[in-house]
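Look for chain A in each of the two complexes below; its partner is chain B in the first and chain C in the second.
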Partner chain A sequence: MINIILNEWKMLVRNRVFIYLTIFFVLSLSLVVWMGINQNSAQQEYRNKAQRHVRTQWDNLEAMNPHRAAHYGSYAFKPNNLLNSMDGGINDITGNVIQLEGHVQNEIVYSEASQSLSISKFGKLKSSLLLQYVIPLFLIFLAYGSISNEKETQRLKLLIFQGIPMTRLVFAKSLSIWIYGLSLLLATVIIQSMLISSDPEVFRRLTLLVFSYGSYYYIITSLATYFSARLKNNTSALSAILATWILWTIFLPKIWGNAVEKIHPLPSRMAFKAAMKEERSKGIDGHNPSDKRREKLKNKYLTEYKVDSLQQLPINFDGIVMQEDEDYGNLVWDKHFGSNYTILQKQKGLYQVSGLLNPFASLQSASMGFCGTDMIHHLDFLKKAEDYRRVLIKALNDKHAYGGSKTGDWGWTVDSTFFRSVQGFSYKSPKINDQINHYLIDILFLLWWGLLVTFMIKLNTNKKIIL
Partner chain B sequence: MTRYIEIAQSEFVHLVRSPFKTISLILFGAAVIYGCQNGYDLFKTHSNEIISIQANNDKSIANMILQYEEIEQGILDKPRRDPTIPYWAIWNTPSHAFKYPSPMIVFSLGQSEQYGYYKRVTNWSTIFDSDLAEEIANPERMAIGTLDLNFVLIYLTPILITILLFNIGGLEKDLRFDNLIYLNNISKERWLLARFSFYYLLTVILLFMLITPYALFSGILQSASLEFFHLLFIISLYLLIWFTAFFFINVSGNGSSDHALKMISVWLVFCIIIPGAIHQISSLKYPTNYMTDYLDVSRDQSNKIFELPSETLREELLKAFPSLQTTLYATDTSMNKAIINRSLSGLVNMLNKDVARTIEWSSEKKNKFIKSFSRLNPVIYFQNEINALTDTDYYAYKRYRSDIQEMIDIKINLILEDTWNKVTVDKEKYIQYVESFKKL
Partner chain C sequence: MISVQNITKSFKNLKAIKSLTLEIDEGEIYGLLGSNGAGKSTTINILLGFLKPDSGNASIKGIDTSSNYHEARKYIGYIPENVNLYPYLTGLENLDYFCKLTGKNYGHNKLEEFLNKCGLDNDSHHRRTETYSKGMRQKVGIAIALAKEAKVYLLDEPASGLDPLASNELSGLLRHLSSQGAAILMASHDIFRVRETCNRIGIINNGELVKEMDTSEVSTKELENIYIEYMQN
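For the complex of A and B:
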């Protein structure tokens, strides 16, 4: 087997076009990785600047009422994961800024895609674009004729007469091309690791990426070699593998992606907002003094503090009402957004199931996930931003209630020392070890496909069938 | 001519006998129908959602009218937000700005999934509010993209053409009897041209036949026939470019496999690599805008306005809105803080408009940069040209933002004029407000 692989490599290396193409690929990959890292760093710097700007404004707030500060609020800017430079995932189309304020949970806005004309339907030229589309196609070009050429030139019979088992020949030819793909992949990963920080988390993610892409390359080269062995000539082999590639990369992801949205439909924005509004109206309206539920809360506090009127309370009842309003709003948010998140995760799960028929879907999902740019990571950011909003607003409401002012004293203010004491928003992407369960199905289907093509070659490429 | 007809006839036989090509054609047809259906579904969803919002608005307006009647008859006390005050009356006039879908959206969803298409407009609204975010959707599905006719045409048609054409002239080379063909008193180029013409006409006719019923169903032929015929012209032109490029590949190629490799490589370069590179370069040159200028206006600068003394605000308002000079309150020397407070959205709106101009200008710079690559790669040009025709490109939504701004301006002007003239709003006046927003 090793001799055949070495022989295949010798033949490949003798081909000048192959050498030039390899040099071209390595240079392109280096350039693309470098550009990706540069773009990512520039964007991250721009994002940090924005976050610092907002924090400086918060730190330098002039003395104001805490509730006014809650309306002033803050902003969370979505950071770029280090491996965003490799696979941008959904980052181009999701928003980047979320306003965090009292009473309302805003949506993340200002996506890159909404700021210009449409450009590429397949994303930016990052290494993932080359690794997912260009290199597999190149591997197909190398593999489609690997056996059929030998058949057309009658060399195959000679090789078989020399005692090489047919199956071993097919495997060896397939592995020799797979090793080439793997080398390009490793070159990309090595360049990537050299140019970014040596964080063990990044290393773990890169290892998983190598496994995923490596498996996919194995599937694609084995299948192309299989077709080459089974079909009557080069043209048929090329037609069959190209048709499979088109089906896997262009057709199925889009069709299945649309189908899962129809199977597990999300509510329309209007229906969603109406349901939220309806439910929210059942809670306390923080700004409406005639609200009945407010009266109930008032009586509860008057009894607790054993006083007759709000003015006699040692605390500011307005702050209590605001926090009560927040707590209720949070429950409503958890219910409705929670339901949306569940639907989104069901959609993702169902999309991942398509890996059973389409290993490219598994690769795409795994690539985004391991680069930290998929929906799971996006939802995690949104959740953390909301958690921070709750902490921020509670701190302000508590200050309003227990900071020393009396009910109705809207002119009471706190100075910037207090505002500075409230921690700013910081976000760290989740560790892949904690998220790996979301991608096990992708890994499983890549393995399943690897085994399937191995068995296909093992069972269907003996000399009786081929010759 | 007879010879060309003969070649076309034999090409038809060749096509029918090739199951791979026939299946590809059927799949392609299915993709066209699926793409158009997706567009048609979105057209219906948008239209129905808009109708539903309008119905809700009509219901709110009817309730408000009833409220006025009850207040006027003394049955109802004025609520906390007194509707007889112009500010609250206008606040309670439900008015939405809609981006009505063009029926042409059936043929290209374009960037429609990136933007919201309805917005409740108040005097405090801006064109960058977070309620203008896109519909709730799965971001991974959006990143993968929807299979619409635009995608089928721009990205899948070249693949179909590759499948149809890769062995045209290639099979003869593979079996080494191509020279026999040229003995029949026809040049290689003419022979290939005749065969290519057959496939060009076949693809164009297939596309036209499949999309025309959708044009009929969605009322395009009645309301956007010019755009539809323009689309047909674009389709013909776009296909012609690909057929021409592939013609040269086949003329100079060495066989079916060689043709297929070259064709798919050309597709890869023009449809994936170059657009991806332009996308990446434009992001490097023009990073995503975090809109801090706008955020500053909506918080800090607005706050500064709120903190100004009433006298200064009155002067600022008179300066910014000279038409107020002739109002009742302008001639009054006493200070009415409520009037000033209800007018502040006018000053904030001016700041918002200034910053919006800057943001739109920076987006325009990025667009110019993207457009400058059209000569290098016609794929992006055609993609955006179709999006423009279907009213789903960046500029369609820019126009929508302008409409929203116009509505905000009208609201503010009405609030200012009527507040400063100390108008008391009754049922008739409220109906006038409603009508003035319906005109937009």
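For the complex of A and C:
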């Protein structure tokens, strides 16, 4: 086996075109990784600066009523995962800034795609683009003729005659090309890890990426070599593997993606907002004193403090009402957003099932997940931002209620000492160990495909194909 | 050494071999003469174990080539019409590679010795085979079989496309191998080359062995007449 692999490598190394192409790939990958990391750092620096600026503004707020400060609000900037430079995932099309304020859960805005025509049309040039599309295509071109060339030149008989079982020959040829793909992948990962931090979390994620891409390259090279062995000539082998590649990378993702959206449809933005508004209107409104639930709450507090009127309360009832309204709003949000979250998870789960037929879908899902740029990671950010919003608004409402003012005293103010005491927003991307369960199915399907092509070669490449 | 007993082989409706029987002993060069499609290559493919006969059996050194082809192949050196070597390797590297596939790891000198034995001049050993002529590639092909320590040589149209000098060298090489005890089956439609090289000749037509003779019994002209007669019949 090792002799065949070495011979294949000798063939590649002695081919000038191959050498030039390899240099081109290594340079392209290095450049793309370097550009990606620089872009990522610049973006991150910009967002950190913006986050610091927002915090400085918050810390230096003039003395004001806490509820006014709740309307002033704050902003959460979605940090880039370190591996965003490899695979941007959905980051380019989702927003990256969310305004956090009282009464309302705002949408995340300012996606990069919305600000750049070229990104919205073509996506960004990241190493994942090369690793997912260009390199597999190159591996296909290296592998499709590996056995059919031997057949067409009648060298296959000589090889078999030297006592090499056909299956071993196919595996050796396939492995030699796979090792080449793996080398390009490892070069990318090594450059990536040299240029970014040596965080063990990044190392874990990179290891999983190597496994996923390595598996996919094994599948694609083995299948190309299998077609090369089974089909009559080079043309048939190339046509078959290219058709499979096109099906996997272009047609199936679109067809399956559309089917998933039909099977688990998300409500439209209009419908979502209308349903939220409808349910929220059933709650109490802090600005509307005629609300029935407000009356009920008022009676509860009057009884509790044993007083006859709101003015006699030692606390500011307006703060209580606003927090109560906030809590109710949160329930409504949790219900509707939770339902959307479930649908999104179902959509992702169903999309991942397509890995049974399409290993490229598993690779894409795993790549985005391990780079921390998929829907799961995005939803985690949204949840943490919303959690922070709730903490922030509760702190402001509690201050309004219990800070020393009386009901109806909207002119009461707190100074910046209080605002500084409220913790700022900080977000850390979830650890991959805690999220790995979302990607087990992708790993399993990649393994399943790896085994499938191995068995196909083992069972279907026998002496009959030699003549 | 090479034994073909009453084999038949059909491809769909076409009977490629009809009750063919051949015996080739050690030190013998047997020329299987026939036109294109006569059944020469099918016979060789059966002996190589790539095809299974419908009936009868073929064996090398008593080893059945259908049921035990892995074992039988250990003794066979096969030289196809076109020995296609790896063009990016030198003659020596090609020989080294094919030897390693059989598990034989010869030293540099030994490999050169094999190539020299087959008449490939020293200057060519380290040249890439993309610059080789057909005859030179044939010689490397024979060196591969020689290095395999083959006892049986199966040659499918080995002289086709060779210039007279290269053909002559090939004949000499095969005679040398047979003098060392090898059994050689050479399928060809080159009457002159078969007459020059072989000890015994068989004429195959439509899958049937129609005539067998010793080379010493016929001149080239007589052989040509016999061949034409059978082909016309």
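Everything below uses one rule, namely that the second predicted complex is superposed on the first by the 460 of 467 C-alpha atoms of A that agree within 3 Å, B and C clash if a C-alpha of one lies under 4 Å from a C-alpha of the other, contacts with A are read in each partner's own complex, and residues count from 1 in each chain.
Just so we're on the same page, a residue touches a chain if its C-beta (ideal position, glycine included) is under 8 Å from a C-beta of that chain, and two chains touch if they have at least 3 such contacts.
Please read all numbers here as calculations on a predicted model, not as lab measurements.
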Overlay on chain A: chain C relative to chain B, clash or fit
fit
Could you say whether A:197 touches chain B, chain C, both of them, or neither, answering first, second, both or neither?
neither
For A:347, select first, second, both or neither according to whether it touches chain B, chain C, the two together, or no partner.
first
When the shared chain A is used to line up the two structures, what angle, as a multiple of 10 degrees, is there at the CA centre of chain A toward chain B and chain C?
100
Between chain B (first) and chain C (second), which, if any, makes contact with A:159: first, second, both or neither?
second
So, does A:433 touch the first partner chain B, the second partner chain C, both, or neither?
neither
Which chain makes contact with more of the residues of chain A, chain B or else chain C?
B
Considering only the touch criterion stated at the top, classify A:417 as touching first (chain B), second (chain C), both, or neither.
neither
Of the partners chain B and chain C, which touch A:3 in the superposed model: first, second, both, neither?
second
Under the stated touch criterion, which partner chain does A:141 make contact with: chain B (first), chain C (second), both, or neither?
first
Can you give the closest approach of chain B to chain C, taken over C-alpha atoms and in whole Å, for the superposition?
18
Footprint intersection on chain A (chain B / chain C) at none
What residues of chain A sit close enough to touch chain C in their complex?
3-4, 7, 10-11, 14-15, 153-155, 157-159, 161-164, 463, 466-467
Chain A-facing residues of chain B, complex:
20, 24, 27, 31, 34, 38, 45, 49, 52-53, 80, 110-111, 114-116, 118, 128, 130-147, 151, 154-156, 159, 163, 167, 170-171, 174, 256-257, 260-261, 264, 268, 271-273, 275-284, 286-292, 295-296, 299-300, 303, 363, 366-367, 370-371, 380, 383-384, 387, 393-394, 397
Contact residues on chain C for chain A in the complex?
45, 48-51, 69-70, 73-74, 76, 78, 80-86, 88-89, 93, 97-98, 100-103, 141, 144, 148
Seen from chain A, its contact residues with chain B in the complex are 32, 35-36, 38-39, 42-43, 46-47, 50, 53-54, 57, 72-73, 75, 77, 89-90, 92-97, 99, 106-126, 129, 133-134, 137, 141, 144-145, 233-235, 238-239, 242-243, 246, 250-251, 253-255, 257-258, 260-261, 266-270, 272, 288, 290, 340, 344, 347-348, 351, 364-365, 368, 374-375, 378
